[in-house]
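In the two complexes that follow, subunit A is the common piece, with subunit B as its partner first and subunit C second.
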Partner chain A sequence: MKTTLASLIAMLLVTPPAMFALDAVGDVPFPIVERFENFGKESGIPANKVHCVTKTSDGRLWIGTWDGLCVREPNGQFRRYGPEHGLSHKMVLAIVEDPRTGDLWLGTMRGLSRFSAGKLTAFTQTSSGLPNNVVYGVALVGDTVWAATAAGTGAFNTKAGEWKIYDHNNTVMHEPWCYTVTGAGDLVYIGVWGGGIIEHDPKRGTFKEYRDPDKDFHFDLVPDDGPINDITSWLAWEDGILWQTTYFGFSRYAKGQWQTWVETRSPLPSNFTQFVWPHKRAAWVGSDRGVSVTDGKFWVNYLVGDKGEGLVEIHRPGATQPEKRTMSTALANQFVLGIYVDDTEAWFATSKGLSRGVFAKTKTAVAAAK
Partner chain B sequence: MNAQSNFQFSIFNFEFPFPLLPGLLLAALTLAAAPAAEPALLIGLLLPPEESAAASLRQGAELGILHANDLPGPKVGLIVRGRPGQWGDDGAEAARMVLDDGARGLIAPPDGAASHLSLQVAGRTAIPVVSLCGDSSVTGAGIPWMVRLAPKTSDEARTLFGVAAVWRPPPSSQPSPQTNGGARPSPARRYAAVVPDGRAGREIARDLEAAAIAAGCRLEPPLPVATNRSDFTQVVREVLKSKPDSVLLWLDSPGRAGRMVAEFRRSGFKGELAGPGRLRCAEFLQAAAEAAEGFLVPGLVLDPASEDELRRFTRAYRERFRAEPDNAAAQCYDAARLLVHVLRQAGGETAHRAFPLTETLPGATGPLSFDHEGNRRSTLNLLVCRNGNFTLRPAKN
Partner chain C sequence: MKTNSTSQLQDPGNGARLSQPPQRSEPASLSILLRRSAVRGCGAWNSRASGRLCALLFALPLAAFAAGYDEKPEPPTPKKDDGCVNEPLTPEQIQGAQARARAYAATNSLYPYYANTPEELVPFSKIEPFYRYWTSRLPFRGPGKDYPPPPNLKSLKIGLLSPAPYGPEGARGRRTKKGVEMAFEEANAARRPGELPFEIFYREDAPQWGSAANITVEFADNEVLGFLGTIDGDATHVALRATLKLETYMINTSDPDPTLTETQIPWLTRVFPDDRQQCVRLAELVVKQHGCQRIAVFRESSRPGRVGVMHFVNYIRRLGVPPVQHVFFKPGDKSIGPQVEAIKAADCDAVLFYGQPDDVGRFAAEFRRAGIKAKFFGFDRLKEDAFGKAAGAAAEGTTICYFFNPDRADQPWVEFVEKFQKRYGEKPDIYAAYGYDGAKLMIQGVRATGPNRYRIRDYLAGLDEYDGVTGHMIFDGRWDNIVPIATAQFREGKWHFEATTPVARDKVKLSQR
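Then we have the complex of A and B:
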């Protein structure tokens, strides 16, 4: 008996922690973050507030901060580019890569910037056809860069060098205030502050408006009837699914059907959702209370406790109570402004630093490692 | 600073550096002219150039900052920006105040579009905002770290709908025992409204219509009036076609509202004329002249602490600006003081986490108390213009 107990203890001691995570969450159909690694000023990030994060096709990590654009060097330190290098403004809100050229297009608080061959070029309201200098969102569809601005959406054809402006004067937009834009195959979706979502088909030149059908500012009176709210804070599209975040919950649109989630009727920890990154049919949602990951059935919430500890809640379909755990590490801050996820890792831009989410190993990965 | 240190050193050694005298004098003059200390906190006030109450708003904010600096805590400064030139825009100026100037909180003006542009910046930066706009869509934006200091347009309208109906009920309606002298509107009463054209008028019209439905009143579709229109004869004729008992004037500027009041009275209209609380200002009274007599506006009910605050504000405003303060100045005064209070209490960067605000503070416009959506908790009563002054309208039996 003693031998058996000793063997069991020895086995427990040598078993890597990931195995515990694996056994417990193996049923969750998307990656689980096992721990967080946090980066701040000591890593060369010039400001606490990190607004966006992305990894380019060459594997390099880029972040947009309150005080400049940064790239992570192989030594782990971040190198900064600011207005003195040609960036149109120090605060970078959005980054997208042109996968063909490797160019970066950056939305800033005063203009659109292009990072190409190590040089920054600024596009402003007075130097180009950009409709407004406050650029909240950027998307790339084919040869066209789309910039969601505080006074309309600008479309810059990079081959022709021509701009088009779309606002409340020439489309069905209820308001001119564009807060986000995303490509969706041949279509473009524009998130409008106070105007829901505009679906634009550039080839046909058509515009279709999706508005909150219940028209109530504060409550989702009828679930799943359309966009959850007309104040769209972010849009993302992948694999035929459009995701909308708002300050009153978030929505999904697929195959003509809407689905909505609010904190009182779902595991969503906060209605204040401000960013969504879809990855393999699951949405990674950034809010003022942390990160939620869901495929619509399973939910995993990464929260920060009162003492700064990391908390994870796993909500399974049909279960009355979530499984709750304390993590050894936590997000740098619960106010999450941007997310990047691929098959190997997740990155989170927060209002107090950058976090890397290290995934728990899957059964397949563990088997392969053995 | 170096020059100052050098000067002290020389005194202690009894060696006055005469060759450096011109430089020292210049440095001394510079130090004397410089402010005592840089403010540790900055508040931004967004003022679009077309804002009719711009001077009052700015002066109210200045006074609010001045009085806040009399209290213990970090010193506060004020930045005022508005859309510059043909290509400028309010959103960029709001962003500039936060990102370049370092403002830790914003005051958004009565204009709905400018308020929304400020809130968009706040959505991405978590900067607290106090809005002076009455549009319901402002708190409908859902920014958790904002409050609306002005009463909602719909609340002001409901006050006017309710009380006005009791004041002069139509002959056909019977007194209801449930009213007990309070505000109970008569469905038979017919209201008309005049609003600005464009986005501002669309939002006001929506709120007025919602208030009319809630109050059980009959409101004709509000008539939009172009902001560059100066001849109101045709407008008045158009409004009176529906034979309203009362007309609400919810225009963009107090001066235009005053001129329209005069035009209504010149046309022979004897019914009630009413408008929002921001018409309690000299510009409206001067433009309306004697036609302002009997004009109705809603006003916030003051508690004793707020009455003290109003007296202090009024006295200081008169002393500093040699003018009578108006409603806009008082609102901006309260907005500035409220923001400073929140920022000082929360300690700067985490100020957004202080929301929703649960504390009630005395204000020159009444108690500063807000619901969880950021709307001002307000009790409104009806003020009537008598001899060029707005006073509490006596209850009618």
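Then we have the complex of A and C:
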């Protein structure tokens, strides 16, 4: 009996923290990352900096890097496509798939590129109706490819082959500097650098502007009163919820209500939020301090400690302190530029490599996510 | 005394002070800061009251922080005789400094808050907002500081983004370029054996929409270590956004757009004081010094015009004198009859102009011909000859803000003017001078850290102060040079510069706060 008890105590003492996590996070209503698998140059990724990541409908993983577009081969290695293959610029900032054709639309630092049936075609400011060559964000809404550029948003109707440009001359856009665009049912949201968020109804041809009510960037007068700031760095929409990242905090808009979060006054670890990926009713937020996941109530932050160790903070509604744990692995880098999440896994594009987030098999969490 | 936690990086010996990273620190005490300021004197500008005022300005809020700390006497510092004398402050100067100090203390900011703006002009100054930004500087948390230099480096490339080569901005850009070139020529002439030469990678903006973004990408493709530019606010904004993705540091030497640094991009330092600072000075000048109560704003219908006067309108409103008229003109307008009638109908006692100097000069003359007797005020660009020529007699009495007195006689400025005249056969203006200072700063950053964009960023973004030929610079939490600026009045055919608000020459380390 003594031996058994001692063995049990010993087993409990040496059990890795992650194993406790499986039982303890069951109340969190979205998937929990149990560990990270990291990929860098040894896997064929040509640069440290990975700007974006997405998985296409055929299950293949694509990444946009500082030095080319890459696809992950079945052997786990990445194959690169660069300007020598027809890519409009080596730096790929955004990837979106047209699920009907399998075409990829790529935002690069010098034009929009289409990857179709193995062939890359470039659309630039001088060869097409693209407003500017620096394409920060791309979205596909119906037959139209939307490109958020440094000087307006371009809309390319793939069936008609026609371009339209939206900027401060023909919309309510306060500034023309667009950073992101996303579809939202029948609507299109454009994230404008200094102009907040533009809601566009293509059928009606209407535009509506959402701006930070403070009208001064030095402070946030009161929380939850509108977008946290007009410098929109990314937008994403799913299931009726619009999420906005800025370098001044993070915002959520649903059913006419805004919620905002800033560091030190909320679980958000950093105001410098640069990307958001919605999955069901949760947002996966990339910042300069790692990844945060929230449904607006629960928050789980994946951070990188001073020694490179993975840290996880779980903030529960009503709890005064977060639950903190050390993970067995960490994100490849805390500076997170892009995210892809589905029901089975998460991928993170960081400034120094690519990370895969392996979900904990927590029944409650998975069930809630579904 | 508790020591501050700011780690000092290399001091290249010309007045730069760095904090890296800016961290909240235990503040130095009031008495020590006063003592430090007293021994450092006022330097090149010979602004006698500056030492004490600035010590007071920055030290008062510290007193609140410092309370409760034990203090050991600091060893006496040998006084360096720089030939300057600190004179007693006037009661008004003390009052102003105290008001600013109270404003800083209330924000708990590591840096002067809201560009050194008096408390009564800061929006919502009577309430505590839910959250404040720029009380400290945003760090860059990405990787890169340990990355090796670019392979096969043959020169240290620095980009220079200039305006399109035509019009008044094109002329200003050419003057900037001369200052920048001179700085790099000097650096290359002074390089030691084994040091790589600097190379300017020069590009002019183009009428193609958003061209500056494309040029910034070209800079990165050619592996520039940093870049300088530009004047136009739109172009600079566009370049700055690309800079964030490309992670290449920008020093802006000539864009006065106050919203530029409000984008929270930790890859930019602006050495050129912006329109917001001019707006503070102008609001105080118009309302308090000149006692004007019916103020009209007449400005260019453009983005620079809109953001240029934006703060002035807010400031005079906070002083209880909202503008009685706010009308626009298009650049190059020949006929402004309706605007003249609107200004006349407003019965104003002051008109603030914003626009290109030839436009404003022409309109000022038209206003006088129409019998408008209001006092005229304007921004720095009216200092250019085109204003006086176009305005003729109507220029008389016009008061403007300017960054410094270009006729001053301190050694750094005089030497720079001599060198510039010898090199180019003309006198430098502010664009050449700030171009020179910006280039020197970039050179200093590269020399201090080596050819690594991330370390260059850390160095430049960590600067609290810098001594250039244009004067002493103080960088705030937004990386703006917030040094107080001067005013000038046009009398008898020339500009007469008035004593500037005292400038912090005393090397108070802001990061200690």
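By our rule, the second predicted complex is superposed on the first by the 346 of 370 C-alpha atoms of A that agree within 3 Å, B and C clash if a C-alpha of one lies under 4 Å from a C-alpha of the other, contacts with A are read in each partner's own complex, and residues count from 1 in each chain.
Heads up, the rule we're going with is that contacts are C-beta pairs under 8 Å (C-beta built on N, C-alpha and C of every residue); 3 or more make two chains touch, one makes a residue touch a chain.
Note that the structure is a prediction, hence the values are computed from the model and not measured.
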Subunit C versus subunit B on the shared subunit A, clash or fit after superposition: clash
Which of subunit B and subunit C A:204 touches, first, second, both or neither: neither
Touched partner set for A:151, first subunit B, second subunit C, both or neither: both
First, second, both or neither for A:333, with subunit B first and subunit C second: second
Subunit B versus subunit C as contact partner of A:255, first or second or both or neither: neither
Touching partner for A:134 - first (subunit B), second (subunit C), both, neither: both
Subunit B versus subunit C as contact partner of A:265, first or second or both or neither: second
Partner chain in contact with A:222 - subunit B first, subunit C second, else both or neither: second
Of subunit C and subunit B, partner touching more subunit A residues: C
Shared subunit A surface residues [contacts with subunit B and with subunit C]: 48, 51, 89, 91, 93, 109-110, 125, 132-134, 136, 150-151, 175, 177, 179, 193-194, 217-218, 231, 247-248, 271-272, 288, 335, 351
Of all residues in subunit C, those that touch subunit A in their complex: 113-114, 123-124, 129-134, 138, 140-144, 147, 208-210, 213-214, 217, 220, 237-238, 241-242, 245-246, 259, 262-265
Subunit A partner contacts - residues on subunit B that touch it in the complex: 87, 89, 91-92, 95-96, 99, 116-117, 120-121, 123-126, 136-137, 139-144, 199, 349, 373
Partner subunit B, residues of subunit A touching it in the complex: 48-49, 51, 66, 89-91, 93, 109-110, 125-126, 132-134, 136, 150-151, 175, 177, 179, 193-194, 217-218, 229, 231, 233, 246-248, 271-272, 274, 288, 335, 337, 351
Residues of subunit A defined as touching subunit C within the complex: 48, 51, 89, 91, 93, 109-110, 125, 131-134, 136, 149-152, 175-177, 179, 193-194, 214, 216-223, 231, 247-249, 262, 265, 270-272, 288-289, 333-335, 351-352
